[in-house]
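The following pair of complexes shares a single chain, chain A, combined with chain B in the former and chain C in the latter.
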Partner chain A sequence: MRKVVALAGNPNVGKSVIFNALTGARQKVGNWPGVTVEKKEGICKYKDIEFYIVDLPGIYGFTANSIDEKIARDYILHEKPDVVVNIVDASNIERNLYLTMQLIEMEANVVVALNKMDLAKLKGYKIDVRKLSKELGLSVIPMIAVKNEGIEELKVAIYYATKHRVKPFLRYNDGVERIISAVQEKVIEHNILSNYPPRFVAIKLLEGDEEILKMANFNEEVIKQWIS
Partner chain B sequence: MDFIDVMANARYELIGEILGKSIERVSKPKSFSDLVDVVVLDKYLGIPIFLTLMWAAFQFAFSVSAPFSDAIDIFFTSAADWAKANIPNEVLASLIGDGVFGGLGFVLVFLPPIAFVFIALAILEDTGYLPRAAFVMDRAMTKVGLHGKSFIPMLLGFGCNVPAIMACRTMENEVDRKITIMVNPLMSCSARLPVYLLFAGAFFAGYEGTVIISMYLLGIILAAIMAKVIRKFFFGGEPSPLLMEMPDYSMPTVKSVLTSAWIRTQIFLKKAATILFIGAVIVWFLSVFPWDATNGGEVLENSYAALIGRAVEPIIAPLGFDWKAGVALFTGFMAKELVVGTLGILYGVESEEAIIDAIAHDFNPITALALMTITLIYLPCLATFGVLKRELGEWKLVGLIIAYELLLAYIVAAIIVGIGCFIEVM
Partner chain C sequence: MMKLSELKQGERGTVVDIKGSSEMKRKLLNMGIVKGAEIKMVRNAPLKDPIEFEIRGYHISLRKNEAENIIVEVRK
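Right, the complex of A and B next:
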């Protein structure tokens, strides 16, 4: 059986190291369609499943403003990979989790690879991985990819994620949630961009994301009326 | 507050809550990098430190490279003499002696300082200082209407504007990107360096580093001003905020410094073997033909070069330049090193005395500064021109760049000459 696995993360988190460790020599380098951004693909076999691994560009967020962010976002929304491995730099965990939050908003089937655990320790962080996993509602695999530590565990986690899809829900503060759910109701009611997760569409409409607004054929005024 | 900021805050708030439950932060003494950053990233000290380091880089490059440059100079001068004395066909002798050894050789004299500038920059890069420089400059940049992220392309522009303009692709905001591209040609690329080195060496001995760094600063300041002007009149809006990481400081290794300096130097050498070589031959041809009229380059006034130069002369004469500078600026459009190569050929074929002495005869410190400034500003080179069109996509914007650059070059040069005259009168 073949499952699609996308690697997502900020720049400089060790994404290529993990990609290479997973795929070995079985990889192919090309371009994303229509742009000159490098696309790396590879194969990794585990038990009865063949993971088809796609390395997404290193990004900080999912706006449609930069080519890299747009590629990653379109891939996750349109190709709907079976698993998204979110590589998080444990020594910069706060900033890195920002992307994780957005992956969860996109309802991706996320596995967090918590890389650079050694650096985090040097910085004086003591991370309770089990607790973090529980709080986020998804698997978190501690790793030191440059020393090849955690690669096997990551494969196992990806394998289980292909079998059992997680759907974590993260609740923001009440004020924000009230606004999001008001818009989300309208999104569902009017069947707006129904092939995308409604919560994601609601947040993007509220953020004034130009591409989503254009696709939904809305202007920001309508949204403002909804929440007033 | 926009909802985009509300969302960002909400996400970070939740991250804080989650980490509060799952992370324990053992307080540790500040790391070496943190301690250095307290000073280097200081609000007031940051920019002076940046300028001092850049100045030191140039001064280092200039002094260390001098003997190497002298050696190359001696080699090409004697090669030119040998060619002229030993090649029987006089046209061929002139081509090899004046065109190739005189013109191209004169550009290659500047290979050592360029290589050492690259070494100095590679050291700054490998230590991890350059991203800090970007951070320090961001504060100043956003004030003048440039995006902080544009500092990296701007910095790359010191090497070559072509990759620098392509690097603007990393900028998220389309308006920020276009503005950064449009002012990037003002960043002083290494092709302008030979021109600075020649004139600073000839007229400002002992202060070369200071003069050259002020050219770079002038470029930065003009880019900042133009960015503001272009944003105001053509785009509108505010630059978006910057998010960047600071790698820890590290000890640069000899190997990686030399490798990255060599890669950049190689580009210069390749350029010398191709476009600069062709340019030198063209300039030589223009300067000695028609062969009979110029008497084999003896009477430069009758050459095709003089014809072109005289056409440009009325425009630049008020600044104190003669037609030779006109030809140099004309060919400089192909590649900026050719300004120096052209002067080498024009002065070389005419007189046997050292070219620098000949140049010292036709220029003075004020006109030298003015010519350096014009070379900095006046036009993007041919390669940059191509990449500007490709990355901006609109001829209109490329036209705008050319118009503002020509105008700006003239105005700034006129101001320099004006101030120079004023000081003389005083």
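Right, the complex of A and C next:
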């Protein structure tokens, strides 16, 4: 059985090291269609499953402002990979978790690879991995990829994720949630971008995301009326 | 209150406002530069552009015109 696994994360988190450790020599390098952004793909076999691994460009967010962000966002929303491995730099955890939050909003099936645990320790960070996993509602695998630590555990977590899809939920404060629900109702009622998760569409419309507004053929004034 | 670009070396500030295009704001948001964030001026490049800052435990270089759009309150 073949399952598609995408690797996503900020630049410089060790994405390529993990990609190489997972795929070994079974990889090929090409371009994303139409753009000169490198696309790396590889195969990793584990038990009865063949993971088809796609390395997404390193990004800080999914705002689709840059071509890298657009590629990563379109891949996750349109190709709907079976699992998204979100590589998080433990020594820079606060900034990195912002991307994790966005992946959860996109309702991707996320596994967090918490890399650079050695650097985090050097910085004096004490990360409660179990609690982080519980709070996020998904598997968190601590790793030191350059020392090959955690790679086997990551394979197990990916394998498990292909069998049991997680559905983490990120709850904002009550005021924000009320507004999201109001917009989400409209999104469902008007069938707006129905191939995307309605909560994700609602949040992006509220953020004033230009790409989503354009795709939905709306302007911000309409959204303002909905919530007034 | 002053522009982030006016912080002196080693000075710290709290972000109170971000001006500029929504595209710029979103880019800065992606990097963790939001209202309430603590930011420290690390050093200038020659001609004071770009400027290196430290925020949320990592270093970032901002162009002068980007730093001018970020308003901070200096921490004593």
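As a working rule, the second predicted complex is superposed on the first by the 228 of 228 C-alpha atoms of A that agree within 3 Å, B and C clash if a C-alpha of one lies under 4 Å from a C-alpha of the other, contacts with A are read in each partner's own complex, and residues count from 1 in each chain.
To be clear about the criterion, a residue touches a chain if its C-beta (ideal position, glycine included) is under 8 Å from a C-beta of that chain, and two chains touch if they have at least 3 such contacts.
These numbers come from a predicted model, not from an experiment.
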Superposed partners chain B and chain C on chain A - clash or fit: clash
Partner chain in contact with A:Gly208 - chain B first, chain C second, else both or neither: both
Partner touching more residues of chain A, whether chain B or chain C: B
Which superposed partner A:Met101 touches (first chain B, second chain C, both, neither): first
Touching partner for A:Asn148 - first (chain B), second (chain C), both, neither: neither
Chain B versus chain C as contact partner of A:Lys123, first or second or both or neither: both
First (chain B), second (chain C), both or neither touched by A:Asn65: both
Clash-bearing segment of chain B, relative to chain C, as chosen among 110-118, 128-136, 272-280 or 344-352: 128-136
On chain A, positions contacted by chain B and by chain C: 60, 63, 65, 92, 94, 98, 123, 207-208
For the chain C and chain A complex, residues of the former touching the latter: 22-23, 26-27, 29-32, 56-58
In the complex, chain B residues that touch chain A: 2-4, 6-8, 10-16, 18-19, 21-28, 169-174, 243, 245, 247
Interface residues, chain A side, partner chain B - complex: 11-12, 60, 63, 65-69, 92-94, 97-98, 101-102, 123-129, 131-132, 135-136, 170-173, 176, 179, 203, 206-208
Interface residues, chain A side, partner chain C - complex: 60-61, 63, 65, 91-92, 94-95, 98, 123, 207-208, 210
